[in-house]
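Shared chain: chain A. Partners: chain B in the first complex, chain C in the second.
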Partner chain A sequence: MASHNVPRPAIIEVKTEQSRLREQNQIDEYRALVDLIDVKITEHQYTLQVLELTSKLLSKNPEYYTVWNARRRLLTCGLFPKLSASSSPLTASQSTSQIGTTTTSSADVSSSITNSSTESKEILDNFDSQTHRKNGTTLELIKSDLGFIFPLMIQYPKCYWIWNYRLWLLKEGNARLETHIARDLWMHELALVGKMLVRDSRNFHGWGYRRNVVAELESPKLNGFSMAEAEFEYTTKMIKANLSNFSAWHRRSKLIPKLLNERKADDATRHDFLNSEFELITEAIYTDAYPYAQSVWFYYQFLMSTLIEPTGSSAINPNCTLQDRIVYLSKQLISLKDMLDGAEDCKWIYDALLEYTLVLCRMREREATPEERQDCLLWLSELRKLDPLRNGRWGDFRLAGSG
Partner chain B sequence: MSLVSGPGVAGNTSSLPNEIQLAISAHVSYIQSLDTRRDELEYWLTEHLRMNGLYWGLTSLHLLGRPDALPRHETIAFVLSCQKDSGGFGAASGHDAHLLSTVSAVQILVMVDAIDELDSKGKGSEGGKGGVELVGNYIAALQDRMTGTFRGDEFGEEDTRFIYAGFNALSLLHLLHLVDVPLAVLFIESCANFDGGYGVAPGAESHSGQIFTCLAALTIAGRIDMVNKDKLGRWLSERQVEAGGLNGRPEKLEDVCYSWWVAASLTMIGKLHWIDGDKLAKFILSCQDTENGGIADRAGDMVDVFHTVFGLAGLSLLGWEGLEPVDPVYCMPKKITERVLGTRV
Partner chain C sequence: MESLSETLWDVVIEGTGLRQSLLALALSRSDKKILHVDQHDYYGSAEAAFGLQEADEWVGNVAADSLTLPFRNASLWKAGVYGDERLSFSRAYALSLSPQIVYSTSQLLAQLVSSKVYKQLEFQAVGTWWIYDSSAIDASPSLRRIPNGREDIFEDKSIDLRAKRSLMKFLKFVVDYQSSPETWEPHATSSLPDFLSTQFKLPPHLQTVIIALALSLETPDNTTVSYSLPRIARHLTSIGVLGPGFGAVLPKWGGGAEIAQVACRAGAVGGGVYVLGTGVKDASTDADGSSDVTLSNGEVVKTKLLLRDVSSGVPSDAVIAVSRIIAVVSTSLLPLFESTIEGAPLSAVSVVVFPPNTLSTSDTANTHPIYIMAHSNETGECPGGQSVLYATTLYSSNRKALLKIAIDSLLLSTQNAADAVLYSLHYEQTAPSFGIANPLDLAFDDRMLEDVKCDWKKVVGEVDAKFMRFEDWAGMNNEQVDGDCDY
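Entry: the complex of A and B
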């Protein structure tokens, strides 16, 4: 979008006549390319040469959404072999007959592939040549395009249009390729987005893309099945690499209910599962500087919320009785008080103690005892001291009975 | 309007005075200068944001109390020149129609009080009317009647941002009845997370920008009651970092544009006082270029009109003296949304 993290230069240079001219040349060249593509698309010249022109422009400016759209039309209205009337993917026999008629354009595609980046070659090498022959032009075009986009994604990881175009392209593959071939492409994407998330483990687009890729791989149309177990493992790996990866904690919170349902977990198993998650998060909180990092505390809040509202959509142990939940929460309060030892300046612990003490009173359907009120007032004063930015919030706290 | 960043840079005064001022006249001339920079390559590379940029610049000028600082006729002519036969607007002439440019176009036309001209001179107008209806139909056709979501354009990308964009423009045109509002509200509900926030789609992580769009859409739909205000207020208030600025997600860097997404969200749920407004204002002011105008994402970075408008709008929410009050739902001057929509509670 707009400029983010663009540092100002130490000295703002006054443009020399020479640099002014150079910039003007670049502008002229850029605008000429824009105009040329515009003319070609208006004339419906849906050829590989025009596709190359759009590649050239998008490499200079990947935010040019109109040109991504032009590229879509180039493929669907021109370069892709026509879908059969029923819009069903090519069957093996159909695609074999296709090959004979498209040899020429196929060769053109190959030559354009040769010019693409090494990343694209790497992607292509992962497919055997038999697959190439079977699905002919469509597959060549899609793979070549995926290869073209990849370096752009690395260079502009926050550009919406690139991610969208890539998803669109793969979905075209679903409709046009044999299922197992389309599936292979998506599998490759899963590996690729994994690499992207190693580079930037919080990339919002990356996590969204992963969600989309997994949903496709799980879908019946690609002969898919649930990947909840593998994805859950993935979040464990990401969290162990960086405890402050809230994106991974978040995804974990979404996977757990699904995972337990698929495991057909009984109440005892669910209870044990919740225990192990609490152990994991408590261990994380105790690690180095993490009691002061909010990601771990938000996940802690998630686990607590499954005890407080046990039947919600994020349920872990929905059949847990009120009495059991009260016992569980009380134990957590004790463990929170233990955490204060040596971390007396950690506002998150006071925040949690305050909240869950009052929640526990509500679950027990009684007012806070004088002792609990005393504790809460003390924690509240610690919060005001440690976290003055949010004084307005602390000021809104009303202890039952105090109005 | 161009999206070219610079030439100004934020926080270029070597030692900040105790009482930092808002450089009102510098910001006005900065915005006025933006469309004169055609000799810079970046001017052309940012053409895909021209319509959004005009909305950001014009809103800034309105908030700065200089609504007439851009020529009205040229503004209207530019906007209408970007309209397609479908009724939708592109980012600039020659660019495809997209919902995001369309909502900006409608907001601009509302701000310069030119909806009548859209109706009489826009695409689809016949006998002096019909232009507004075509825009409404274009937007309504982007709604998926099975899920309630909106696509950004014909190619089908879906995102909670687009529900807001659709609701925003349609409500300003008094055409909200063209879409299935309750179904879209249900979709937003399915994007809610345990922390009270909302993501881009079901299952996605809470993000301040998405939260803003979901709350604003729910407000327009009259369903802000669906929000867990305490939980969300807590999460949003934790976006404020020591430096006073706000971030978009846990443990990310602060950035001036979140002054708007987070503070407007807090305002919509009645919890703006849960953050330190003085420190936020100081942070925003430290990111402005007091000499050449404009505001950057952080002090020391290049300024741009995107961060300028959201910095100013954030200050306006905080009641900064000398700025027009801003509507937290529409990011337009309150005076104008009240003229069009009446006084809302």
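Entry: the complex of A and C
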């Protein structure tokens, strides 16, 4: 499988009798392991040994979600110390900035990514309070589990169950550990998801996970504060690394309202902000050729939608008057016509021209002029040529546009 | 122990240059009796790497004209004594005669992996490409980054919107040019600049950038479309293949020289017999087709096949020639090796292109492009705080002076003084112009592998063996192959 240009050396497998027997053995071993775990779980044997068995199985088949659930039960019903009603805050500090990987990973990548060292595991013998020990064990378990999951994540970066389990693990940390310890775990996750997104910037699992991590870090129960500025900067960085990154553009669009509110932006500032976003996306549109990338056009449509429906939840400039918006839209139409010169094969431009001309007419509360009608018919005919799969849609337009 | 003449060899290979060493590697599991000789007392032949002392000797040999083709006119200058405060001791350096970069999509890498010798090589990133721009009237000349792709172009404020679009159109075409023969085949023999301006409306300064990617030693007007399109496509499709931000690699410790070393080692492990300091003096064919080969030490050996080193003894009218300077400078040139790409490694090699007419001496400008491959000390070729510059241009009588100016200009534009040059070795190298693979190419030419395979077939005959595809030796650590580079 060609994964985003990561080469996989071709291993041509000839099914000899020898390899078939070997595979049969592997199948038998696997089945035996599944059965064993099944028995142990049914018997409520929530021990470290059974945890190891599940680790072994999940390394071979991380999609086996039942076993992930069994593992959750192992931890919550067996291995995690019981949650007390209240836990007193610790005065002593434990070094939590490093995650000791108790399972060594053969991938060079993992050792270069995690700032971990197996030397610094918590030394808990000094603390004799019950809470300390309980925190220590929970933390150890969580950390060793995170360490176990990490190489699996590298190998299977798009397995839902792995991401979900990791999230669940950290949320268990929220409930069971001291705030600052839990927070440190989440900070480490932020760094980790950053690296995962460098490996594959378009992995939506990674982006979704990042949202979750940032939400946790921002939440008051973890002494959080807003990270909108930093995250916005992050989307800028990711877009500059790959202009066709839907997730980055999408995240950017979601951050803008919050960002502007935090900046306490007045109308003039918001107007300027919108201008610079249009400049950015226009630059991105020009840095493209057939077959044109969709992602930049989606963002363009988003920006236009904030002009057309200014008071929506994605508001950039909600106090913009109708007159101002009409002026702005007209300017964009001129820019689009300009764009067409040299890119007559770009269906997106025709589509935008068509749609926004009609929107402008609506905003001006008048019918299309004959000249506008003629332009629209011309653009429609181009669209029929460039995008024949959507002929049904262009047909609908024809009926509405000629009205 | 049998003497060499008591064995009937399957093949005697002359020379341990890159091509012959790769052949030895290919034959290392074949149970053939291989005698591999080299007239020099070092491995690598025309692709060797030298410490400073060895370079001195080599220069002396080239000057004395004793069987040192394809090299000529070697001379050297040094700032001091080896081991004083400026130059370090001799063995701290590995100046390479073969600093060819290897593109990530090259078959060579795949073969080094499948033959299992990649584990003995350390590959370093070649990720930063620069072009020398002396066009600004009111500003001093500077180095500008060559964009690696769409995102670099997006960020480049010096390109206007329409030019960006034209450039993108060309990039999208060239990475898959085989699918649009109608666009380029009618212009196959046209010059690349003409093609870029008429078919893609690229302005001259963007043409220069595209032309630089082809790494052609010829002038742009003499660089054809059919020559350059595959090379540009190779450049662009290689970026990111082995990691973000770079598209080519160079083996540590001397590039091709290190590959030759490792390949010969594999040959020896496989049972080949190696004799250095011994060349082939003469050979005659027997009635049964085998050869009687007289070695330079007087011994006569019998072999079924003799493979001579084709690079020596070439008629002087059918060659191309380059002028080269290898310079050691007392600066790390760090900014040159830094990438702007997220997650990219620090380059160990930077490519700096000087387009025609960007440099001048008192009486002439450079009619041909000049290329400087800058190697940081991460390549193992020099001690920390220093770098090695490999400057190349097509040969002509005034080229040595122009190469020196190129080096000085590079130093100036990176905020260094010209007296940072500690050592400068100049030489000229020739290659047959009729050959298939060009050893003077700045990037490894995959056609050399075809030559190697051809020779390999001559030795092993029609067998069911796979070329350059081996298992690990029994008992060796069979680690998971993941194809990543150690950078």
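FYI, the second predicted complex is superposed on the first by the 324 of 403 C-alpha atoms of A that agree within 3 Å, B and C clash if a C-alpha of one lies under 4 Å from a C-alpha of the other, contacts with A are read in each partner's own complex, and residues count from 1 in each chain.
What we mean here is this: contacts are C-beta pairs under 8 Å (C-beta built on N, C-alpha and C of every residue); 3 or more make two chains touch, one makes a residue touch a chain.
Keep in mind the model is a prediction, meaning the values are calculated, not measured.
Contact with neither chain B nor chain C is seen for A:174 once the two complexes are overlaid on the shared chain.
Looking at the shared chain after the overlay, A:76 reaches neither chain B nor chain C.
When the two complexes are overlaid on their common chain A, residue A:8 makes contact with chain B and with chain C alike. After overlaying the two complexes on the shared chain, residue contacts for A:294 are found with chain B alone; chain C is out of touch. Contact with chain C, but none with chain B, is seen for A:240 once the two complexes are overlaid on the shared chain. Looking at the superposed arrangement, the partner reaching more residues of chain A, out of chain B and chain C, is B.
Look at A:284: by the touch rule set out above, it reaches chain C but stays clear of chain B. Of the two partner chains, neither chain B nor chain C is touched by A:47.
In the three-chain superposition model, chain A touches both chain B and chain C at residues 5, 7-8. Residues of chain A touching chain B in their complex: 1-8, 12, 20, 23-24, 26-27, 30-31, 34, 38, 60-61, 63-66, 69, 72, 160, 164, 167-168, 202, 204, 207-208, 211, 244, 246-247, 250-251, 253-254, 293-295, 298, 301-302, 305, 314, 388-393, 395-396. By the touch criterion stated above, chain C contacts chain A in their complex at residues 110, 113-114, 150-151, 153-155, 161-162, 164-166, 168-169, 171-172, 240-242, 244, 341-343, 479-484, 486.
For chain A in complex with chain C, the touching residues are 5, 7-9, 106-109, 195, 198-199, 237-238, 240-243, 282-284, 286-291, 342-343.
By the touch criterion stated above, chain B contacts chain A in their complex at residues 3, 5-7, 9-10, 12, 39-41, 44-49, 90-91, 94-96, 98, 153, 155-157, 193-195, 200-201, 203-207, 233-235, 237-238, 240, 242, 244, 249-252, 255, 257, 271, 273-276, 279, 296-298, 300-302, 304-307.
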